[in-house]
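Chain lettering (A, B, C, D and E) follows the sequence in which the chains are written, and residue indices restart at 1 in each chain.
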Amino acid sequence: MLEIKNVSTKYGHLPILMDVSISVARGETVCILGANGAGKTTLLKTIVGMVKPTAGEILFDNELISNLSPHQVVKSGIAICPEREGLFPKMSIESNLFLGAYYETDKNKIQQRFEEVSSIFPWIRRRLRQKAGTLSGGERKMLTLARALMSGPKLILMDEPSLGLAPATVIEVFNVIKKIVNDAQISILLIEQNAQKALDVAQRGYVLQKGSVILEGASKGLCNEDFVQRCYL
Amino acid sequence: MGSLILSQVFNAIMLACTLALIGIGFSLFFGVMDIVVFCLGDIAIASAFCILGITSLTGVYAALNGIFPMVVSNIILVICGGVFGAILVTVMYHTVVAPFEGKNINASLLSTVAAGYVIRELIGIFYPGGRDPQNFPNLLPTGYLFNNTMLSWRNIIIVGTTVLVLMLLYWFVNRTKAGISIQALSQNKEASIMIGIDWHKMVIVTFLIGGFLLGIAGFLTASYASTLRFDTGSMYGLLGFSVAVVGGLGSIYGALAGSLVIAFVEVFVTGFIPGGAAYSGVAGFLIVVLFIIFRPEGIIGEKSISKV
Amino acid sequence: MTNFLKKRSILILACVVVSLSLMSSFLLAGCSSKQSASAKTVKVAFIGPLTGPDASEVVGPKNCFDLAISQANASGKLPYQIQSVYYDDASNAGTAANDAQKIVSDPDIIAVTGFFNSAPCAAAIPIFKNAGIPLVIWGAISKDLTQAANMPYITRVVPTTFQEIQPMATMVTQTMGYKKWAVITSTSTYGQDTLAGFKAGIQGVPGVNIVSVDSIADGTTDFRPVVTKLKSEDIDAVFFGDNLTEAALAVRQMQELGITNVLLTGTSALTDPAYIKAAGTACEGMIVSQSGEDPTLLPNGQAFVAAYNAKYPQGSYGSYGEYAYDSTNIIIAALDGLGANPNPKDLATKIAAINYNGLLGTTTFDANGQTTDKLTTIMVVQDGQFISWDNSQYKTGVRKLPPV
Amino acid sequence: MDALKTLKTEKVGINFGGLKAVEKLDFEIGDETVGLIGPNGSGKTTFLNIISGIYKPSEGRVIFKGEELNSFTPDAIRKKGISRTFQTNRLCMNLSVIDNLLLGLYCEQKTSWWQAIFNRSLAMQEINRGIDKCFGAISVFNPEIVDRAYELISTIPLIDRRRIEIARAIVGRPKLLLLDEPTAGLNKEETHQMIEDITKIRDSGDRISIIIIEHDMSVISKISDRVVCLNAGQKIAEGSFEEVSQNENVCMAYLGG
Amino acid sequence: MAARLNDKITAALVALGICLLVYISLMSSLLVILIIVALLVVLLTYCEKTGLIDTVFQLMGKNTTLTSVIFGLFIISLPFLVKGNNDLLHIMIIAGIMGIVALGLNFQIGGIGQINFAPAVFYGVGAYTTAYLSVRLGVSPWLGTIAGVCLATLTGVIIGLPALKARGYYLALVTIALQTIFTLMIINIPAVGGPNGIPGIPYYQIFGYSLHSRVEVFGLTLPYQVNYLYLVYIVFALAIVAASRLFKSRYGIAWNAVDQDPVVAATQGINLTSIQLLSFCLGAAFAGMAGALYAHYTGFISNENFDFSQSLILICMVILGGSDNVPGVITGALLLTMIDQKLADYANYRLLMYGLVLIIILLVRSKGLLPKRIRIYGERDTGMSNGDAKLAAGAGGKR
């Protein structure tokens, strides 16, 4: 479904990603592990088209997307949950949600998706009018997830859903992610620092260090790898 | 005395109308792009010169009058001015704003100020007799309503147009997809891009709308003054920015409130303090300074100045 | 190693820069020495706002200056050709001071005529005075510019604001009896000067008082707050000390707000067809004072107008053209007889003592350097044209001015 | 007894528009290292901000060596001997390494601006002394940084930036050091190095009190003499790491049961 | 030893080259100046790429005595070099005066990173104070100058206080507003001449010798500008020394820290209020001094010398030259003054050209001709063991 082939990127002269190849199959959940500065967020931005790769190509549904601009990538069915500050703070929860379905013109479909989403996040329905800026950290994460779902995506890119959350809230967020994973229609590319949690929900994983993929494999296998154990658990 | 106050109130409202649109222009660009384009005043004046040029230098206006009734051709003229403003703003964006985006606030401040000088001087040099004050053609109907000298048709149309433009803008920003995207962009640029808003397109849309507003602002101001000078743009722009800040930078209604405050201060200082005319400018800017010191978020702005 | 290389390349670079610079400076020196080798020239400078807001007013005077110089050069009266040089003060005092510095540092410039605005003139006067260069003013009319202390270097051929406004002020207050006045003037030097001149002009006339004075910055376009205030004050007449554009706007806005039955008066700044064009019907019946007289009515005027129109078929000589023409001719007349190598100091003394019979009649300078020729005319706008008051239908009573 | 304690707070609290970020907090620290733990939003950083004067407490008192600090501005508090680091690295990106370090000596240096202009030798002496001190402070952690002293901060790797920030905080020999998540963003290996660095400060014999906020329990367990756990702005547990980690309240707050 | 001598020769050559460049641009027409500026931009970009610029700066820094002697000699000999063209001396004097104001303004723009759009107010207060005192009250020009500096410093407090509250665009607006208010007030107050300005300001006198008299040396008659040239450049040199010392002192670092992150700066023990006010007041004192020099040099001042466009030109000097870099600011002041004065010959196109030159230089080099540099302390070699290469890597300012 998503294929990243030998992608490299640079900021100025500084190489960030070097020859990275990653693939995600339909309905699969894949996680990418890596410390700060490993290039995780850059990878995500490269997929979306906010950063142009200097080499390599990215295919989505067998179509080249590495030369598209962000809005075209999103239109083709990829949704993103940004790392932090992903909401429009002065708008209501409702507006935030419906902005998720930016490219959907069919009102019935939007309504239908809203029903689905609000069944996953029941609290949203009760607080539609509240300003997004007044939500707590965990609620914001949930709302970005919900917004990503509103676009009816084929693939969701999640950038560090556990970042800056208290342990209790992290558990909550991952429970929601598990719910989404169970829906076989949606693939997920999960970028995480919290290796244990991430490998728990993902089927496969990659380890990114200093801009290159140094390890890949099924979650179970990765969990037992010595290196991962030492660095991330 | 009562009628005097009423008349001065009306003067202030008229002044506010000429300031409000340019203030909104400032707010719009600041909200979406997080930039202050200091040459907006000059762009508005340039648009007015465009209208003036069409009527007085070319035969287009006469030709239009031959085809359409007067009202229609006048409206076409105003639209021409708006389009000219929109084009000019877009050109400005690509030449003096975009290269400095996100890099250096000082450089973009200066480059837009310099661009203002360039626009002004280009008019002065290349418009025939551009450095002399020009009589602005009377495109708005003359005559009075109820034979009241305050309620001339021109004044009513100026107020009406301002209100209409404001309402259209309200509708656009809150009810259309493009408007909501612009709002989203102004609140969180990165997230907007991530949900698939075409940022470049929206920037262009913002600039086109803002530029069109400026064109109309220039037209209304020139009509109200019935004269046009090439060098008034900087002061007009400065007042526009002041209005936007006093009202609350980034807020459309704030610009309206701010323009009322500044207009009332200036008119009342002129009208009710003996010899006050010389000090009306001082009073207006003093208000701006006080607002920035004691209420930087403006009249109806929200208390977050972290943007700066 | 790299360090050493770098040092070397700097050395080379520095040498290249130095040698290049030396070469070009020699080149430059060659050029400039060629210039200074040419014959002794006598230059007369013209200074005024060639650009800026008042530029249009100076086209006429500049043409008249050129006309006078070319006439002098053609006549062959002087043993050399006069070269004219122009300096632009852009109506800005700082620029004028700069220009004056440049003028006094050019040893070829022997005399200066100029200044449309008073502030630039005031700025330049001390510089000319200190350098001993004579300046004949043709356009700046602030009273204090000519002083005994500045003699013999600073002289003026044009009447001051005070001299100009006096006759009109007396006429409208004493003869016609307008009592309650409002003044709308500018914050500029000119505005403040006319205000003082008007106040001096009406002083001592019983019963006349100024109800309100509003000084408004140049460039203002909205006079409605002021005009609205006047409406409630029940005035008889308004005096405008503004420049052309501002006065035209104020007059139009008065008409717009329905203030039509007051007398409008103004200064020579308004005696320009452009003013009537800008003010439209609102200025009908407005009385303005003007220094000088229509050249066609003057004894030597016909020749001047003919010569001017021959040289500049499509330009009017403006309100101050005659003065520029006369001031240049005064300099030329004074130069006559000073030999092939005139000295500015002698020239200044000669100018100050001159008795010149020219376009405007006989000009002599008083102890302050001010002309004794106080020719002024009162004009009135009739059917969209300035007509001399004496010839107008308003004087004969065919048309009525607003009631007192 | 008060005099023995370096810092003491009495019922300190702060409101942010109705939200009680910190509430009636009693806290004291002597010559020791105290770990401050608690879930996100429990008020740890807010508490540090109160101590360092960035926020004014809306109730209670902060007492440092017997002196009330409530009305002091951040710079005055720094001059009293409390210095701190920040959660996200906040060095001055437009300055070189050495300039950043010198900044830490600002309040210790005495040159006035006219001396800086007119008495060059005095000013240079002081700056040179300062540079020596700074190099001394930073070489404790990583002597290699000294070689890069004249480079911009933006070219320095993250772990060294943290070290520079900590060195900046201790170069002026404060009595109390506040560390806000010194290991955030570091990987395991770097975290180990950071723990060693902090231990060096603790054991340096300067009798410096340290308050350290940390999410990583391995850091807390190794460094701190005592642990205080906050939740929702209130202190819910206090004691040695073992005691606190077995506290039921703490488990509830932290691990969600 | 030989290397040391080599260094000295190179430094001297570079200094001579700079002097010649200044001289040529002074003597030549506008077009040549613009070509020189273009070449300068190319040269600087090349030097920065290869790291040469750092070596040059180091060389100049090590041989300050030698280079300053060369620059001093250049200024002293300038009156003889211009071949009696006093206009060029005038340009150099104005450039020096502008340079002093720009150095002061740099404390705000380069130091605490706040664009102050009202430097002409400080400049004007200095000029008006001394003019008022010496013309209306007959005070000696020297005393007037001191009073001007004091009052300008006080104005620094008045404009500095809002700057504590506002930043960025807001500060820009506040200072523009204050600048406009200042201009309007001058026009409206008759005591300071209103729109007429103050003419006839007395000239400086030293023991009865008026600086406004011509100088006779070696049988040559030199114009009075020579006196002022030397006076202004002595003050300018003092200002340069003061500014560069401040830049390297703890105050310079503290200013940069306040610019970058006020909260961090405060927690390092920096009193934000006093440090920001210091930058405004010192800047104002510099500008006040320059204003007084200007008033007593030209003998006439009016509101037009101190309006918004003047402020803008001053800001351009700092930003185009290179903010927070003393040589940069000096370059900016010299170049822009020359361009401005030469543009006077093309009066109708002056402002247009100005705007275009400004935009082009901003686009080509947005950090100015000579951007901010890393402070190098003294002769110490610590941290620079590998010398130039390392320094270059650090100072390049890769981001």
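In this section, a residue touches a chain if its C-beta (ideal position, glycine included) is under 8 Å from a C-beta of that chain, and two chains touch if they have at least 3 such contacts.
Everything quoted here is computed from the prediction, not taken from an experiment.
Any chain bridging chain C and chain E, meaning touching each of them, is among B; the list is complete.
The greater number of contacting C-beta pairs, out of the two interfaces D-E and A-B, is seen for D-E. For chain E, the chain whose average C-alpha position is most distant is A. Of all the chains, the one whose CA centre sits at the greatest distance from that of chain D is C.
With centres defined as mean CA coordinates, chain D is found 35 Å away from chain A.
Here the CA centre of chain B is 50 Å from the CA centre of chain D.
Within chain C, residues 51, 187, 215, 217 each touch two or more of the remaining chains.
For chain B, residues that reach two or more other chains under the stated contact definition are 278, 281.
Residue positions of chain E touching 2 or more other chains: 184, 187-188, 348, 398-399. Chain contact summary for the complex, chain E toward chain D: residues 241-242, 245-246, 248-251, 253-254, 256-257, 259-261, 263-272, 278, 282, 372, 374-378, 380, 382-385, 390-391, 393-395, 397-399. On chain B, the positions that touch chain C within their shared complex are 1, 3-4, 7-8, 11-12, 14-15, 129, 131-133, 135, 149-150, 152, 221, 224-227, 229, 231-232, 235, 266-267, 270-272, 274-275, 277-278, 280-281. Residue ranges of chain B in contact with chain E, taken from their complex: 30, 36, 95-96, 99-100, 103-107, 109-111, 113-118, 120-122, 124-125, 234, 238, 241-242, 245, 249, 278-279, 281-282, 285-286, 288-289, 292-293, 296, 305, 308. By the touch criterion given at the top, residues 6-7, 9-10, 13-14, 16-17, 20-21, 23-24, 27-28, 50-52, 55-56, 59, 83-87, 90, 184, 187-188, 190, 194-197, 199-200, 212, 223, 225, 298-300, 302, 304-305, 341, 344, 347-348, 387-389 of chain E touch chain C in their complex. Against chain E, the residues of chain C that register as touching in their complex are 2-3, 6-7, 9-11, 13-15, 17-18, 21-22, 24-25, 28, 32, 50-51, 88, 90, 92-95, 97-98, 101-102, 104-107, 118-119, 122-127, 130, 142, 187-189, 191-192, 215, 217.
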